[in-house]
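Two complexes are shown next, each including chain A; its partner changes from chain B in the first to chain C in the second.
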Partner chain A sequence: MRPGGRSRLRRYRQAWVRHAILLAWTFFIVFPLYWMLSTSFKDAGEWVSWPPHWYPHEFTIHNYRQIFTFSALGEELSRDATEQAFSIWKALGDSLLICSVASFLALVLGVFLAYAISRFAVGGSKFRHIILTIRMVPPIVIAIPILMYYAIMIPFTTELLFGARITLFDTYFGLGALYVATTLPFVIWMMLSFIDEVPFTLEHAARMMGAGRMYTLRRVVLPLVASGLVVTYLFVFILNWSEFLLALTLTHPEVTTLPVLLNKFQSASEGRLYGPQAAIGTVITIPVVVLGVLIQKHLIKGFSFGMIRR
Partner chain B sequence: MAEIVLRDLVKHFGSAVAVAGVHLQIEDGEFLIMVGPSGCGKTTTLNMISGLETPTSGEIFIGDQVVNDLEPGERGLGMVFQDLALFPHMTVFENIAFGLRVKKTEEAEVERRVRAAADAMHIGALLDKRPSECSGGEAQRVALARTIVNDPSVFLMDEPLSSLDAKLRLDMRTELKHLHHRLRATFVYVTHDQAEAMTMADRIVVMEGGRIEQVGAPLEIYRRPASRFVAGFFGVPTMNFLEGEVAAGAGDGLEFRSTRVVQPLSASTPAAVAGSAATLGVRAEHVRLAPSDDGAGRVTLTEPLGDETLVFFEFGGSAPLVAKVDPDSPLGPGDPVAFDFDRDWCHLFDPESGARLN
Partner chain C sequence: MAGSRQPAAAGAAPPSRGRPPPGRRLAAWLSQERVFRLIPFIAVEAVFILVIIIPFILTIYISLLRWRANRPFEQANFSGFLNYGRVLGKDEFWMALGRTFYFAGAAVILELLIGFVLAYLLHRHFRGRRLYITIFLAPMMVVPVVVGYNFSMIYVDSGPLNEILAPFLEPFGIDPRIRWLSHPLAAQWAIILADVWQWTSLTFLIFLSGFAALPQQLVDAARVLGASPSQIFWRVHLPLLKPAIIIAVVIRSMEALKMFDPVVLLTFGGPGISTQTIAYYLWQEVWVFNKYSYGAAASILLLIFFAVFIFLGIWLLVRQRESVRRVDV
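Let's turn to the complex of A and B:
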């Protein structure tokens, strides 16, 4: 055999091995998602049957009907747990409200901060990197101290000072404010990479024609980073949408986000209701997957901007 | 009145001195070009006039008003940038209309003035396009129209032609000169290209190291450079320089002596220079060459330019010299030549400071 032929054979074999590994890995990643989707359409008897049912033998949308009822969360206590209604409307509403508003506020604040850092080097030349280190702190580190503030110190202090107990624990504001704070570094980092790309002579030109800072920002800079604004908003929204630890620690029972609701089905009081749980999991995942696919290309662009700076 | 006066203008960036005390009066309606190598402070000076940079010290007058504390938009100036700075997300129309809309001009008036400016720059057909769809020359005209439409009394231009190809650059030079004649506005133009400065300016300001080296009409600067730097910066090819000393000559005049060169100097050379070391500068067109078997020089290279030919020759000095000769000259590499300089066009400079001596 010619040497060229042998090397071609080797390449062919390498490609095979590579694809086999990637396929196995893909299967490993996708299988739980498939199992969740499949379980969400299974009847109660099929959830934990042995041997496992690889697909729903008796296809049902009962789980979805259960989670989309309009009864309040955990209101009807039935002896048969599967008949119990676990409405996700409240949690869905809470999640949507907190995530969309907090992401929007973080975006607005972050854009101004990023602009200031990009154009005036606010905080010094290393500040942009320092900001990102805030995210290195694991949420668990701040969860308990924040809980102390929200549940004890702030109510106690306000009562002492104003005679009224103001608590941030289990409020939209309390959780939302924390989401703004924790996602702000991401917004700044991502928007910096976009704003840095806008040539400052454009702003000089606008100023020469009499435009003020805000006018220039609104008419020149922001329109040029519009796609960056959308990507950043979606990215931060997804982060908040799937946040669990802070929501679990800082809310109950008034405010409930979807990840927290999802966890309830695994507890001793409610039992192991794999069907509704899988249905909620599917409902939560779909927007994230859709958004993720939509912004994938921009995400890579947004992050790599920072890496290959001039 | 759009007379501009710069009084003791200084700009520091941290510890670096960008502009070190510039004193300049720019007349109303003048086409003034600031020229110099990168980092000489010309763009910083322009930016201080525009208001985009704040002077560390000194004053800027426009008319008889000190404008140091005025915002760029309040100074009544128009500026064309090196990268043109057209807004990529707006159409040509919106670009030109930007300044008018900032001032909340009535929309009918905006429409009328944008069309007038576009017609003046021959870009009426481009109004609905984006800047990215325009060619380099068209984008240049859009940038000019965007400035003209605001009717500024002073136009500031920061190397606006540097992004164009050579042919277009020549065309735009002519066009800018026409524009200046038509508008009768004050033009302050920054470039590092001495040819641009020579062809367009009423007056040239040569800058180096944050200071003004010389101010004068183009021919004055070419013919009587105030320093060795100016002499070397203007003219193609670069002026020939020889190191040596000035001494009393055979007659009652002075002469310049260097390795293998003894050059009589014109009668107007000040006597005080005698006995001092000097750098002799002479342009290629003032070097006379003649084929001669016992001449001191030997041709190393010729560059025919069409209307004339450049001849580079060695003569035993530290660097070869260059002369401009008739294109039909038979000289070629290796030919021995005799040479001398036109004594009326010999420039003497101080070897230390570079200042002109004669």
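Let's turn to the complex of A and C:
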């Protein structure tokens, strides 16, 4: 056999091994998601039948109707007493409100600081790393102080000052403020990797022609990092959207985010409601996975942490 | 917030000559170089102080009290370092801490190895590469609670995992309907597996961008000089990927030590206490048993423990970044 032929044979074998490994991992990744999707279309009898049904034998959208129902339930829906707790609308609204506003505020604050760090080295040359420490503290360590701060200190202080007990526990503002603080480090890190790449000479030229600081930032720098802004916003939104521990510990029963709602059924005493849970899981997963696929190319850059230099 | 809005007014109309009205004079003062650069810094620091620092100071105070939820806060007695002693003397605390490191260690090692292999297989262009990347990155976006739910469905005694294993178990007379989450060791690895499922995507992403940043000329030069593929891998790829490896290790270890969501969704710390991580343990002490002072002392101690790791991690990141900068120059 010619040497070229042998190397081609080896290349085929390599490609075959590579695809075998990649397909195995693909199966491992896709299967849990597929199982959730198929459970969400199964009727109650099929959720945990043995042997398990690989696909819904009796295709039904009952689970989705349950979670998207408003309040008045038809007789076919009122199969057990917990129907009221199913409705997803409240949690969906709360999640959307808190996540979108908190992500926006974090983005605004973070972009200005990232610009200041990138251009003037505000806070010293190590500041961009120091700011990461906040992200590295485990959330449970933050949750306990915050609980006491929101539930004790702020009511106590406001009573002294204004004569009314105002609590931040279980409020939109309380949870949102915490989300802003915990996602700021990520905003700053991601925006730094975009702003660092904008050539300083452009700004210099604009300044020479008499543009103000703010004008330069708005008309020169921000348009150049527009895609970065979008990516960062979406990424932070996803972070807040999937946040569980802080939402679980700092809200009950007024404010409910979607992860907390999903968890509620997990320990339900009357038996777990696999179908509606799967439906909720599908509903909260699909938008973020779609967003993630949309920003995928930029994520590779945003996560390079300064490894990619051009 | 207010701080960053005011200069916006200044930017819209650059300060004109003559006598500007007071509002504009303030704006002009704010847009001065030495003031302007500090505004975002002060705004962000204010958020951190209000939301993070003050609560911690309060927590230190509460940790010195002797207070549970059964009486008003104002009547709590001062108890010195009693709570700290109780935390340090509790076996459950140390066991939960050790278990957290065991989970994080096992999960991070697996994630690094698998993520690296996947990134290596995908770092060159071939047909279907983009599709693989898209699928492999998807778990990162899935809400962790949903991951926990998915795996609880798979481990359930009449779930698909047992169905797959059934042909191998039934000939030996073993009932294939195994309750995976009722056995301590199996439950621990069930949680680790769920973590690996989700976060291998992140190590994969970091390694993939590391491979993308490799200077191709160096690899080509090595090949031209007659290096074998294994030599290229060990002598060229691996040293150049060191920054990516450091970043992946630091970021994943930090995140893995926070492990909470899969524990709540899969096992509720059980069977017994065999899957309680430190986050779950503290959550239970404070939110289930209402031991506020105890929880406050434990969270301060935990912060001190973790500070060592956090600074180690930050130091590694800083060093890595500076080495990159040196290569650039």
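One rule holds in what follows: the second predicted complex is superposed on the first by the 269 of 310 C-alpha atoms of A that agree within 3 Å, B and C clash if a C-alpha of one lies under 4 Å from a C-alpha of the other, contacts with A are read in each partner's own complex, and residues count from 1 in each chain.
The rule is simple: a residue touches a chain if its C-beta (ideal position, glycine included) is under 8 Å from a C-beta of that chain, and two chains touch if they have at least 3 such contacts.
Note that the coordinates shown come from a computational prediction; the quantities given were computed from them, not determined experimentally.
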Fit or clash between chain C and chain B when superposed on chain A: fit
Contacts of A:L202 with chain B and chain C, given as first, second, both or neither: first
Comparison of chain B and chain C by chain A residues contacted: C
First (chain B), second (chain C), both or neither touched by A:T157: neither
Computed vertex angle (chain A) for partners chain B and chain C, CA, steps of 10°: 80
Contacts of A:I146 with chain B and chain C, given as first, second, both or neither: second
Partner chain(s) touched by A:S7 [first = chain B, second = chain C, both, neither]: neither
Which of chain B and chain C A:S227 touches, first, second, both or neither: neither
Touched partner set for A:G292, first chain B, second chain C, both or neither: second
First (chain B), second (chain C), both or neither touched by A:G210: both
Distance of closest approach, chain C and chain B, by C-alpha atoms in Å: 7
Residues of chain A contacting chain B in one complex and chain C in the other: 210-212, 215
Chain C - residues contacting chain A, complex: 1, 4, 7-8, 10-12, 14-15, 31, 33, 36-41, 43-44, 47-48, 50-52, 54-56, 58-59, 62, 73, 114, 117-118, 121-122, 126, 128, 132-147, 149-154, 156, 158-160, 163, 166, 177, 197, 202, 205-206, 208-210, 212-213, 243-244, 247, 254, 257-258, 260-261, 264-265, 268, 278-279, 282-283, 286-287, 292, 295-296, 298-299, 302-303, 306, 309-311, 313-314, 317-318, 321, 324, 328
Of chain B, residues touching chain A in the complex: 50-52, 71-74, 77-79, 81-83, 85-89, 98-99, 102-103, 146, 150
Residues of chain A that touch chain C when the two form their complex: 15, 18-19, 21-22, 25-26, 28-33, 35-36, 39, 48-52, 54, 105, 108-110, 112-113, 115-116, 119-120, 122-123, 126, 129-130, 132-149, 152-153, 156, 177-178, 180-181, 184, 188, 210-218, 238, 241-242, 244-245, 248-249, 258-259, 262-263, 266-267, 274, 277-278, 281, 284-285, 288-289, 291-293, 296, 299-301, 303-309
Residues of chain A touching chain B in the complex: 199, 201-202, 204-212, 215, 219-220, 223-224
